[in-house]
Structures are given as C-alpha cells and as structure tokens.
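Both complexes shown next keep subunit A, but they swap its partner, so subunit B is in the first and subunit C is in the second.
And then the complex of A and B:
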C-alpha cells in the first residue's frame, strides 16, 4: 500500500461525502414525511384514502429502486421535456421508496399502542386528531425509532445507486474517478469507500439511539440500554 | 320505531339522568345485553353487580360511547346519546354527536389508562384546555385543587410510571373530575390494585360521593363499598337486571335465588 496515494484517495473520496450526506439527509427527511402521511393514511377510516396509500406502498416497495431511478432520469424527461437535477431526483427516489417501507413501520407502531390509551382519550372527549397527536403518536414514536434506524442505514447505502445517474457521491468518486486511475489499488480504494459508509451508518445509529433514549425518558421508561440488555438476557 | 323514541326530550326523560330503553348489545352472535330498560336519577349512585360476562362493564362502555348499541336507545341528561335525528328519522349517532354528548360523562378504568407521555399535570390539564377551552392557568388551578383533594398535591410534576397503582388510580379519578362531568362511570376501579391500596381509593370515592352531586354508575366486586356508597344496587345476570333494590334490602334479603348464590360466592372469596 502506498501511503502517499492514501492521501489522494481520501481527498477525492472526501469530495463525494457532501453529496452522499445531502442525498441521505434529504432522503431521510422525505422518508419521514412520506412514512407518516402514508402510514396514517393506511389507518384512515376512509376506504378511498386507505386504498390510495396501499397503492403507493405496494407500488414503490414492490418495484426496483434502480429502475425507479432510471425511469425518473431517462424515461420521465422524454415525457415532460426537462431533466431533474440528479441530486434532487435521487432524494425523491430514495425518500419515496423508503417512505413506502416506513409507512408500514408507522402503521404497525400506532397499532401497537394499547387500545386502553385510545379509550382513555375518548373518555376525556379529545377529538380524533388530538387523540392521535397528543396521546397515540408520542407513544408510538418510541416503537418506531429502532426500525427507522435500520431503514435510514439502508437508505444511506442505497444512496450509492445515485452513482448510476452521475451524482458525484462517494461511490462514484471511488468507482468512476479513482479506480480507473489506480486500478491496481482497487482493493484499498473500495475498502475506503466501505469504511466511509460504515462511519456514516454509525453516526445515524448514534443519533437514533439518542432520540430513542430521549423518547423513552419522556414516557418515564427505563433507559433503553438497560431494557435491551434485560430483554436479551431474558430471551437466553 | 315507535313515536315515543322519536321524541327523546319528553317529560319522561327529563327527570332522569340516564335512561336505557330496550337496549341490545351483541358481539357477533353473542348477546351481551337484551331488551335492557333502566333509569338513573340525577345525583343517584347506582352499583351494578353480577357474575363476570353479565354485561355490567358493557353498560358503562355504551355510556362512554366506546361501544354502540345494536338496538334501543340511551339518553343522558335528556339528550339522546345513541342516536341523532336526521330527516325525521333516528339514525345511529356519528362521531361528532358522540363527542358533544360524551363531554357530560367521565370514566375511570380498571387499568387507570393514564397517558405515560405526559406528567400528572399534563394528564389533568390536557382535556380541560383542549376540549372545554379553559386557559392554562384555570386548568392548572383546577388540577392542583383536585390533586390536593385526592391527596397527591406534591406529585403534580411526577410521571405516571413513578406512582403506585393506588396513586395512579387517584390521578385517574382527578383527571375524570377535571372535566366536571354530570355522570361518572367507575369500571372496577380497585380490581387492579394491591389489596392494601384498595381502602384508600374507596374512601376517596366515598368522599367524592358525599361532597358532589355527580351521578355515579359503578361496577365493583367490593360489596362492602357497594353497600355504603350506593343508593341502589342492580343485580345483572345474562344481560338483564334480575334484581334492583336499595343496598340494605338487596344485600340482606335478596329476593332472587340467583342473587343469593352470587352474593354467597363473592363473600366467600373475600
């Protein structure tokens, strides 16, 4: 391994980090919005609303993410006559795609809140919106955080698909810029790319753990770390 | 439907706080209540007793609009709870109607059902500010007063999970009273409590009964409490009222064999 090349590799890859981070953070933001809108719509009393949401969830979850991306970049422009900025397009595909998975997380977590909590809220004459916003969601969110952590890490890794549509994110910087120049050192280059994803994934996990602890404290639960350990010991 | 039912605010319903007329409730094929008629006067304390599955809790849940009737009508405070008039016809009440009428009614549950995402204070001021439109200051003053009354003034900023079962149930009682209900429903409120905590909660309910004019409907297995607290006791079996009498009478000289058997079984267990 040549130490002087290592500096070059890192600086070239580093140039891709902002794009990866923007795509991931933007994707996560859209995922959260899409998950809540579609997830709550799946629980709507209106059949029409439920059906529309179900079509979105199954449609995006059940088709290839790469093809969705290609469709947005290569097929849609023919139809509408203009090209979307690649990074924005990437955020849309990442967000809507992962939002389809997130909708099921939101639906499941809301349904996991005990029925007694709804009834307590009804007995106090709270409106359906207040019941959801003030009583059910704050309790459901604690349950959502761990599965959302998984989903966000998957989204981070999926952001490498944006290299297919010429976004200069980390994977493209490694695969299309460095590897052709230093083919003999592909092993090192791609290992560095993997490590960058690992570091970013660990950051996501750290943030989500923090959020989970904060949310559990608000519910007056034991710190999640202890709870987790207890659950594992109990299972063994 | 008869013309009587289409005139829900007649003289007959005015003198009564709660009126059940021909109420039927089924869960699938299982009939829980059938042709149930009874009425409760304003300020009256009525205890419902009977074997489990006899439909006592279902009556409270129908009043709280947690369940809907399959037939018959329910009136509360002269107003129809179960139905609304639309184009001169009685149709089952919608969510909007239920929300308006259920403001008169409060309920305390066996499992307390406090909101764990709020402090005790939050639990007590949420509905008064949001539903009754009280200011934060008014709602806080009411919360402090009620917590003082239930003996938990110093716990106002605690989390429900930091409280014992008995304390949680006192908070739940205060929370229901914060809405100033005309009718209070008590659904086996001491059944989930450790035995040593039961007496304190029952004493509190007794005091509330003495000092307010709230109409109280109570489902309990605490026969001693039922005897002291109630003006009337109704014995249920198979979804019907089989005996309805003052507690002194019902507990000492029950007329029905079924009531005698039930009371003997309950007293032996305690």
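And then the complex of A and C:
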C-alpha cells in the first residue's frame, strides 16, 4: 500500500535537505581544519602546544555533544550578550567536536609513516616544513581517509541534533513538522527520513573512496589492504 | 546578574544528580542490550545460510549509517501503532541498545576473526559439538580481547544518552534544561552537566587505554 501523501512527505523533507547538507559540509570543513591543527599540535616538540591541544581534544571528547550544543545556544548568549545563528552554531559544534576525534586520526596516521621516511627526508636536508608537506603528509593522508570516512558519517548523523536548536533540517522537518500532522503515518515519514540519511552517507563514502584512490595513485600505489580492513572495522 | 552564582549552582546539584542517575541507568541497560544483541548479530553474520547473512548485513549497515536520534523517534512514534506501548526511557534503552549493537557486532566479529585457525581445527579434531566450540573455545578467547573496544562504546553511549530528551526523558541534560529554565540561568546548569560528563568519561577512557595496552589492540 503506497501512502497517498508520499509526494507531500517528500517535498516537506526535501526542504530540510539543504540545511542538513550545509551543516554537514560546513562541519566537515571545520573538522578537517581542526583535526590537522590539533593533530599536528599533538606532535609538536613544544610541551605547551601539546598540552593545549590535549586539553582541546579531551575536553571536547569528554563532554557530550548535546551539552556542547546547548551550552553554545543557551549559556553562551548569557555570557556574551548575543545569540549565534543556529545553523552556524551547529557547524561550529559539529566541526569542533568531530575535530577532536579527527586530531587523533591525524596524529596516528602521521606517526604510522615509517621512520625511514623521516630519516630519508632529513638526509636530503629538506626543511621541517617541506619534510611534512612533501614526504610525510602525502603518505599519512592515504591512511587517514578511511577513518575520516567513518568520522564524517558520524558527523552527518550528529547533524540531526540541530533539530534540538530549531534548525529546520531533515530530522526536524520529519519529527516536528510532518509527524504531528500525519501521526498515523509516522512509519512512512520516519523511514523516509532514515533513507535520506542513508543516501547522504553513501554519497560521503563514494566521495571518500574516490579521494583515497586519487591519494594513493599519487603515491604510485593502490589502496593498501590494511586501509581497506580499517574501513570495515572502523570505529567511532 | 552575575555570570556564575555558586549558591544557585549548589542548589541545582540534587536535580542534576537525579538526572545523572537516569543517564547512567539508560547507559547500563543500553550497554547490556548492545552487548547481547551485538553478539547475536555477529553470530548471524557467520550463519551458514546466505540470505540470513545478507539480510543481517544490510540491516546492520542501515542502522549504522542513519542517526540514532531518528531511530529513537521511529521507535517512539511507530511502536504504539503496533500495539507496543512503552515508556520513554524503555524506548530510549531499546534505541541505544539496537544502535550500538551494530557497532559491537563489528567488534565481536574482529575478535572472533582473531582466534587462530588452529583453535577451530583442534575443536573439530576433538569433534566438539558446534555450541561447545563457541562457548568453550572461540568466545572465551575472543571476548576478553574485545573488552576495551566494547568499553569505548559504553563511553560513547553515555555521551549520547542526552538524545533521549527528544522523547521527553529527564536525563542529566533534561534536568539541566529544566532547572536552568526556571530562572533563565543556563550557564551553571549546562556547565555542570558538561563537567559531570567529563568527570565520568575521561577517567573511564584512561582506564580503558591502560586495559587496551594489557590485552593488546586488535
């Protein structure tokens, strides 16, 4: 039995897709920046830099994302006297929170580049910056892509939290707009919401596979068996 | 109005602790469900029947790729249509447990795969019955090695329980919102809520890292 209101459901949910996509893409962009800055800082020779980065990473991983979101929306305005546009605030929380997880991915991947690569770069008297940019990072990035794929899907899923702060993204369009109007058809509505997220997750995975292929071709190798396994067992 | 009022912060502590209790309850029950159901998924993913594997694999991937919040809404609004009327916290535990079972299934799978082939062969050579191979040989070796990974998911779940405010559960964050809203003093309420999460999750994470080093990472 195909519900009569399928067209209505899809068009209302569709209105939420841009907000979900903007929040996710913006969040991913900020995650990448935060991950690299904090991840490389974790490897810094300066103790102070390492400690600051560690506090950021553990602080954001240790407190709940919902709390961070509510803090930004309800506590911060009392402190600073103005409220952030919900979508922007959402991007900040999604990006900074997942950036804390990404920092560990960056740190781990950089450390997993064989020691001989450092030594070779030093022997060629490359400057520390050139060493990182030309030798270490191109190899580390191939290793980073599968875990970042998992992280970005987590971020996409977390973007549904923005419905709590009144961003009209897909979840809110479904749960707060459609369900109260068509309660008897909750099953169809929420299944459609889930399917929209599934499609977006598949798009993220497809893009990341493409990037992984490009990154490893640049190094003259195919995606490693190890990286492929990591994708399957990948964790939060 | 001063930004931080200690008297107010102290006065809301009991309410926050009440909420914390609900958060912990949901985490413990959700984890137990996730551990059990995850093992069932992991075993079904190795079922001899092809279609069973495909179905379970599809279901697990679907649940993993979609938001927990929407899944909780789904259970909350759809179950009553089929005559299953549960209170909000029960729905929340079901949602948490089901979602995290799809993660723990992968953890168990990795643990089972790490049991050396020789163990299986020896069990076959001793002609142990199928269930004894699992309960006597494979799982006793697989489960201890995956405990740290399972523990990490418990911590993740703990930090995700505030999603349950979406269906009206008064957990730690729900209480913080409630007591903060009375006098519009959210700074103390949400800061304390965040601190509670940090104080519980960070030491647990450190303990697990130590345990991880002892049993070896898979």
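Quick note on the criterion: the second predicted complex is superposed on the first by the 219 of 236 C-alpha atoms of A that agree within 3 Å, B and C clash if a C-alpha of one lies under 4 Å from a C-alpha of the other, contacts with A are read in each partner's own complex, and residues count from 1 in each chain.
By definition in this document, a contact is a pair of C-beta atoms (placed from the backbone, for glycine too) under 8 Å apart; a residue touches a chain by one contact, two chains touch by 3 or more.
Keep in mind it's a predicted model, so treat the numbers as computed, not measured.
**Q** Could you tell me if A:64 is touching subunit B, subunit C, both of them or neither one (first, second, both, neither)?
**A** Touch partner of A:64: subunit C, not subunit B.
**Q** Could you tell me if A:157 is touching subunit B, subunit C, both of them or neither one (first, second, both, neither)?
**A** It touches subunit C, and subunit B stays clear.
**Q** Taking the superposition on A as described, I'd like to know which of subunit B and subunit C A:197 touches: first, second, both or neither.
**A** In the superposed model, A:197 contacts subunit C only, not subunit B.
**Q** Could you look at A:139 and tell me whether it touches subunit B, subunit C, both or neither (first, second, both, neither)?
**A** first
**Q** When the two structures are laid over each other on chain A, which of subunit B and subunit C touches more residues of subunit A?
**A** If we count touched residues of subunit A for both partners, the winner is C.
**Q** Per the contact definition in the header, classify A:112: touching subunit B only (first), subunit C only (second), both, or neither.
**A** Once the two structures are laid over each other on A, A:112 reaches no partner at all.
**Q** Give the list of subunit B residues in touch with subunit A in this complex.
**A** 64-66, 95, 99, 102-103, 105-107, 109, 111, 113-117, 126-127, 130-131, 159-162, 175-176, 179
**Q** Using the touch definition from the top, list the residues of subunit A that touch subunit C in their complex.
**A** Touching subunit C: residues 58-59, 61-68, 70-71, 74-75, 78-79, 153, 156-161, 163-164, 171, 174-175, 179, 183-184, 186-187, 190-191, 193-194, 197-198, 201-202, 232-233, 235-236 of subunit A.
**Q** Residue numbers of subunit A touching subunit B in their complex, please.
**A** 116-117, 119-128, 130, 134-135, 138-139, 218-221
**Q** Can you check the complex and tell me which residues of subunit C touch subunit A?
**A** 3, 62, 65-71, 73-74, 77-78, 81, 103, 106-107, 109-110, 149, 152-153, 156, 159-163, 165-166, 173, 176-177, 180, 184-187, 189-191, 193-195, 197-198, 201-202, 205, 218
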